[in-house]
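Next come the structures, one after another.
Shared between the two complexes below is chain A, which has chain B as its partner in the first and chain C in the second.
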Partner chain A sequence: MDTYVIRRLAAAAGLTVAVVTVVFLLLRLVPGDVVLVMLGENEAPPDKVAAMRHALGLDRPLVVQYASWLSGALRGDFGRSFLSGRPIGTDLAARAPRSLELTGAALLLGVAVGVPLGALAARRRGSVLDFLAGGVAIVGITFPSFVVGSVAVLLFGLVLHWFPATGYVDFRSDPLGHLRHLVLPAATLALEIVAITMRMTRSSVLETLSQDFVRTAWAKGLGTAAVLVRHILRNSLIPVVTVIGLQAGTLLGRIVLVEYIFNWPGLSTLLLSGIYQRDYPVVQAVVLIVAVAFVCINLLVDLTYGAIDPRIRLG
Partner chain B sequence: MRSADLRVAVAGLVVLGLALAALGAPVLAPHDPLEMSPALLAAPSPAHVLGTDSFGRDTLSRLLFGARTSLLIAALSVVAAAGIGAPLGILSATYRGAVDWVVMRAIDLILAFPPLILAIAAVTFLGTGPVKLAVIIGVLYLPTFARLAYASSLAVVQQDYLDAARALGGSTWRLMRRHVLPNIASPLIVQCSLSLGFVILVESGLSFLGLGVPPPAATWGRMVSESRNYMQRMPLLLIWPSLAIALAIGAFNMLGDGLRDVLDPRLQHNWRRRRAVGVARSPARIPQA
Partner chain C sequence: MRGLAPVLTMVLLAAGVAATLGAAELPKRGGTLIYGLSTEPPDLDPHVNSGASSGTVKMAVYDGLVKYGHGGAIVPALAERWGLVGQNQYVFHLRKGVRFHNGDPLTADDVKFSFDRILDPKTGGQLRGPFSVIKTVEVVDPATVKVVLAQPFSPFLAYLAMPYAAMADKKVVQGGTNLRSTMMGTGPFKFVSWEPGQRIRLVRNEDYWDKGKPYLDGINFVPFVDDQTRLTALHAGDIMLMDFVPQEQMNSIGRDKALTLYADVGIFMCIIFNPQRKPYDDPRVRQAIAYAIDRDAVVKTIFDGRGTPITGDVVPKQWWAYDGAVEGKYTFNVEKARALLREAGYPNGVRITLLAPITYSLHTRTAQVVQASLAKAGIQAQLDLPEWAVVLKRHNEGDYGSEVRGLTAAINDPDFLSEFYQSDRTTYAKQVGFKDAQLDEWLAQARLLQNQALRKKLYAQITGRALELAPWVYIAWGDQGEAGRAYVRGYDHFPGPLGRYAGYSLAETWLAR
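Then we have the complex of A and B:
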């Protein structure tokens, strides 16, 4: 392990501790008495209030609360949902894979469409294809996911009936139905990724096209595919990898809107129902999981980037 | 006219139009945005130019008042982000050391959360309302301004004229205000315009989830969300606010991109001099800048 990796790991560890602390403090920042806010009534019976305060651990000193919350979180024990009474950890474990699946499908689709489209647009600069790709990029960037998702539900779900408009089917009971339900939400999430990877690939490929080694590759008689894939794309993809990494943050935010629109039972719908029902421990747990996941993703991106481009490591 | 100038002009006109719509909403709107007429989900007609929603409220009036809410929050958020972020960046570039360390760690912490998740969490636990919302979104975008101001002032701080100003007895405050800030203004202005687009995205997203400015105030995000129950019968209800949001985001992004090209520091010197001697404002563009 070189110093770059160690430095990145240490920074991520420090950041994780800070993130955990901030999420812990969130519940203590609620203006007024959080127990009364959660019970949603001004004259809740005192014994109910006291029981709730005890259940949330708010009757203990702050340091003790922090220690027990931290040790619980490390073991995946986030307490029980105030409304359903189920352990929050169980719900998280059931829903996290569904959110992960949706994110993964969107990333895969976005990159699989965006990179070739960008490379082709650069190769045939000024063509109809280039123009169309530019249009897709503008739509992907200016229209927010919740607009794209709503229009997709209306157009492909309710009017054309190509795909089920919303909902979720378990993969084990109906694999095909599961995939059909995945198409619209994944495509909605992917549109912005397509737009951004497409634009980045295009400008990066355009830059590489004018390099001497590309001229050499043509000159020694290589075929179009060989030059495009082996010489141009390989040298153009570093900025594309970075830009995909930078997209992680907005992707984790946009998935909340997309899961909500398509009724996808992932982490975000758990987060939102927690918010609407003032089930604050659930909200805290989901925010913590997502933020820690984000710190890990950023760490991975940094490490990957350092591995691809040795110059970064000296920075 | 260069293409950057043209883009700035077109985007600027759209932004101006949106601002006028927002400011003039009480005069321009044909109806009260909360007034419920008996015509529910009406198609466009002379009485209701863009139709009505499920409560019989006039869509055009709600769009205009929605522009007011969205642009007000967007402007306040960007003022908060630039107003806190830029001074922090300049301060840490000037003092370095401990100040720099604390500011940069605070920024890392903000950036450790996905923006929309942080906004949702903050709104849930701190409550909502226009000013709170603007401060929350402002904090979200403060890191961009702080880092930008930091990077650009670092170059300025090392210049000889700053040493000269200090030798003449200028206080640190005066140096930052009179010498550093004007020299880093261009990138900050570009960032303001780009941020307005992002902020509208976040604000309308929160509004869509029911976490923005509380009802019954009209917001574009809530209009999209409310239209979803009726979109099969009245797709127009979904289309209008969607177009408004996209128009605003597109215009601010285009304005920012255009301004970046126009205010490019590599062109600026040339541009100022030519203006000073009265030559037409058309600096030769540096090839592939």
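Then we have the complex of A and C:
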């Protein structure tokens, strides 16, 4: 394997461990105690609290807790939730695919709309289409997803009744219902991606349009579609791929709000309730999953560069 | 005009008949109720209190010996009838032919087992405290159980009707089934699945002992993390019923023709103190605070007008135990507050800290209104608003001065006052370190009495003394409740704090569409 790939892989693994370690330590710095949350408004005599802490393994030295958690996680055993006592792996297995699906759908939708729109806007620079696309971009970039989401719920859910305002249906029990529930949250998340990939594609295509090889392609008598797709787009895509990669990363953050607004039962609600209730292993597990996903996406972007542009590999 | 009279009469008659018909609308069978819960249940153990939302799910699947019915009356459930032998022996006769959802017949063994499980410290049962009065539970025959109490205990049935006294299947539990993650009861609905974060699915128990019920084919409990999202879901029709309607939304829901609001007084806001700290150790300071709170402002801003200021006794006005004598003791009176502070040695006013969880807007907003009102009497309250988890930690370590709490009466009996005034009750008197020998004695006496008039007199004495000592400062009762689409029928929010047990009425709930 070449050193570029190895270097990137090693950096990715290091980063994941660093994130997980920092989160592990930060969580324990935050005041609040899961045992007291479990007892709620009941009395918490010291011996009872101590016994519960012992049962949860919270009385062990931090290093031991960390080591045992990490070794478990590496073997795919995330332990049990302090509060519900359920294995966290089960919850993750049910929820992670839902978050992944939402992210994937948003990314796909965003790119499928953003790239062609950007290319067309560049090709017809100054036209009404270019102007409209610019408007969409401004809305998509400036409005945070919780505003877009709330407006979408209000308009398409409550007023027009085109789509369900909230919720989730299992794909196996009702495929059409599942997709209908997916539309609003995915579109909400996708809007910013549309905006950014559109802007990026447009400026990149504009730059490529003025290149000599494009003039040559036109001069050869190639058709518009061929020049646009084969020569211009291909050469404009590197910055776009970077931006898509970065967007996929920020999506993992924005999805928390969107899942919240649409009550989409993904990882976010698990993460939020875990944080509120100081259910450490739940938070750690979710953060680990998200960190791994983030690092993988970046790795993929790095490797894709290498594939598209050999100069990066060699450099 | 004379000629019109018969016509009018006929019209009125017809209207009357129509109205009667409307009232006697026959329940329709079928349909699945989608119920939006404010919190996902952390566990499903019938004997553990894991929050009111979990309680609703448990009430749909489990039955107790008795339960709360319409108007909050205690009605038979698994016990067809019961009798009191002497003053402290209850004999329960079980309903015949009742089966658990797996087909196991319900027997006296299951009843004894369930009591044992509640009393076992390992269970963490909600009713372990009040049930510690139980001396023995005897199986007389497979359909009869005798519960012997160590002493007379008038509120026993009121506790027994709570969902945490549910009957569990001995065989199933001893077979190793984990009741935290699955359910096996005798109730109107059968547990099907729990898809974390998504829903808890129940279907109709075709073999339910209350023949013909339930009307619904099933219930899907959908957990939400955000109240605003839940309201949106109700407005959009994604859910049909929701618990814990945010108080500031109740009036607008009440006006909406497409929705029904089910609410009644259910929560009271109060301030608790750390009597180990200055200046909270001085009853005069606590009294001054009691005088310096503008309770009407709290009711108006926090409960949107849907509440009652508590100027005397915390016992709800609708109860037999309510005694008007102390009413109006603590009304908003800046002069009195200042005078008490001077007497206590704080002529220039006093600084206090007021702790409230930012997690609950009801608490935070109460703290803000109280702060503004205390300032008028020269009491400078510094707000401390961490998350709920931090509040609990601070409270446990005694690291607080005063704190806003929202509490309720656990049962429909003035014995709930024991929680606040009896020094050895872990919720809440012992927690705040309140102890008064006289109150302890009276509370113990009042529990033994069977005569309601005598009890009422004693409780009046208790509340009178408690108000003087002012270990707590009561602010206001406010509404709490559920909301549903207008086509949801038969659902019943029981009066007062018993509204929390409205889950029992899911057996009679149906969909008119």
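Some observations on this one:
Throughout what follows, the second predicted complex is superposed on the first by the 291 of 315 C-alpha atoms of A that agree within 3 Å, B and C clash if a C-alpha of one lies under 4 Å from a C-alpha of the other, contacts with A are read in each partner's own complex, and residues count from 1 in each chain.
To be clear about the criterion, a contact is a pair of C-beta atoms (placed from the backbone, for glycine too) under 8 Å apart; a residue touches a chain by one contact, two chains touch by 3 or more.
Quick caveat: nothing in here was measured; it's all calculated off a predicted structure.
Using the contact criterion defined above for the overlaid structures, shared-chain residue A:F146 touches chain B, although it does not reach chain C.
Shared-chain residue A:T166: touches chain C; no touch with chain B. When the shared chain is aligned, chain C comes close enough to touch A:L83, but chain B does not. Of the two partner chains placed around the shared chain by superposition, chain B and chain C are both touched by A:L158. When the two structures are aligned on the shared chain, A:P31 is found in touch with chain B and with chain C. Judged by the touch definition given at the top, the superposed model places A:L15 against chain B, while chain C stays out of reach.
Once chain A of one complex is fitted onto chain A of the other, the partner contacts of A:L191 are absent, as it touches neither chain B nor chain C.
After overlaying the two complexes on the shared chain, residue contacts for A:I232 are found with neither chain B nor chain C. By the touch criterion defined above, A:Y260 reaches both chain B and chain C.
Under the contact criterion defined above, the residues of chain A that touch both chain B in one complex and chain C in the other are 31, 153, 158, 260-261, 272, 276.
Remark: chain C residues 40, 42-43, 49, 180-181, 195-198, 222-226, 229-230, 232-233, 235-236, 238-239, 359, 386-390, 392-393, 396, 426-428, 430-431 touch chain A in the complex.
For chain A in complex with chain C, the touching residues are 31-34, 36-37, 39-44, 49, 83-86, 90-91, 94-95, 153, 157-158, 161, 164-168, 170, 260-263, 265-266, 269-270, 272-273, 276-278. Every residue of chain A that touches chain B in the complex is listed here, in rising order: 11, 15, 18-19, 22-23, 26-27, 29-31, 138, 141-147, 150-151, 153-154, 158-159, 248-254, 256-257, 260-261, 271-272, 275-276, 280, 283, 287, 290-291, 294-295, 298. The part of chain B that touches chain A in the complex is made up of residues 105, 108-109, 111-117, 120-121, 124-127, 201, 204-205, 208-211, 221, 224-225, 227-228, 231-232, 235, 238, 242, 245-246, 249-250, 253.
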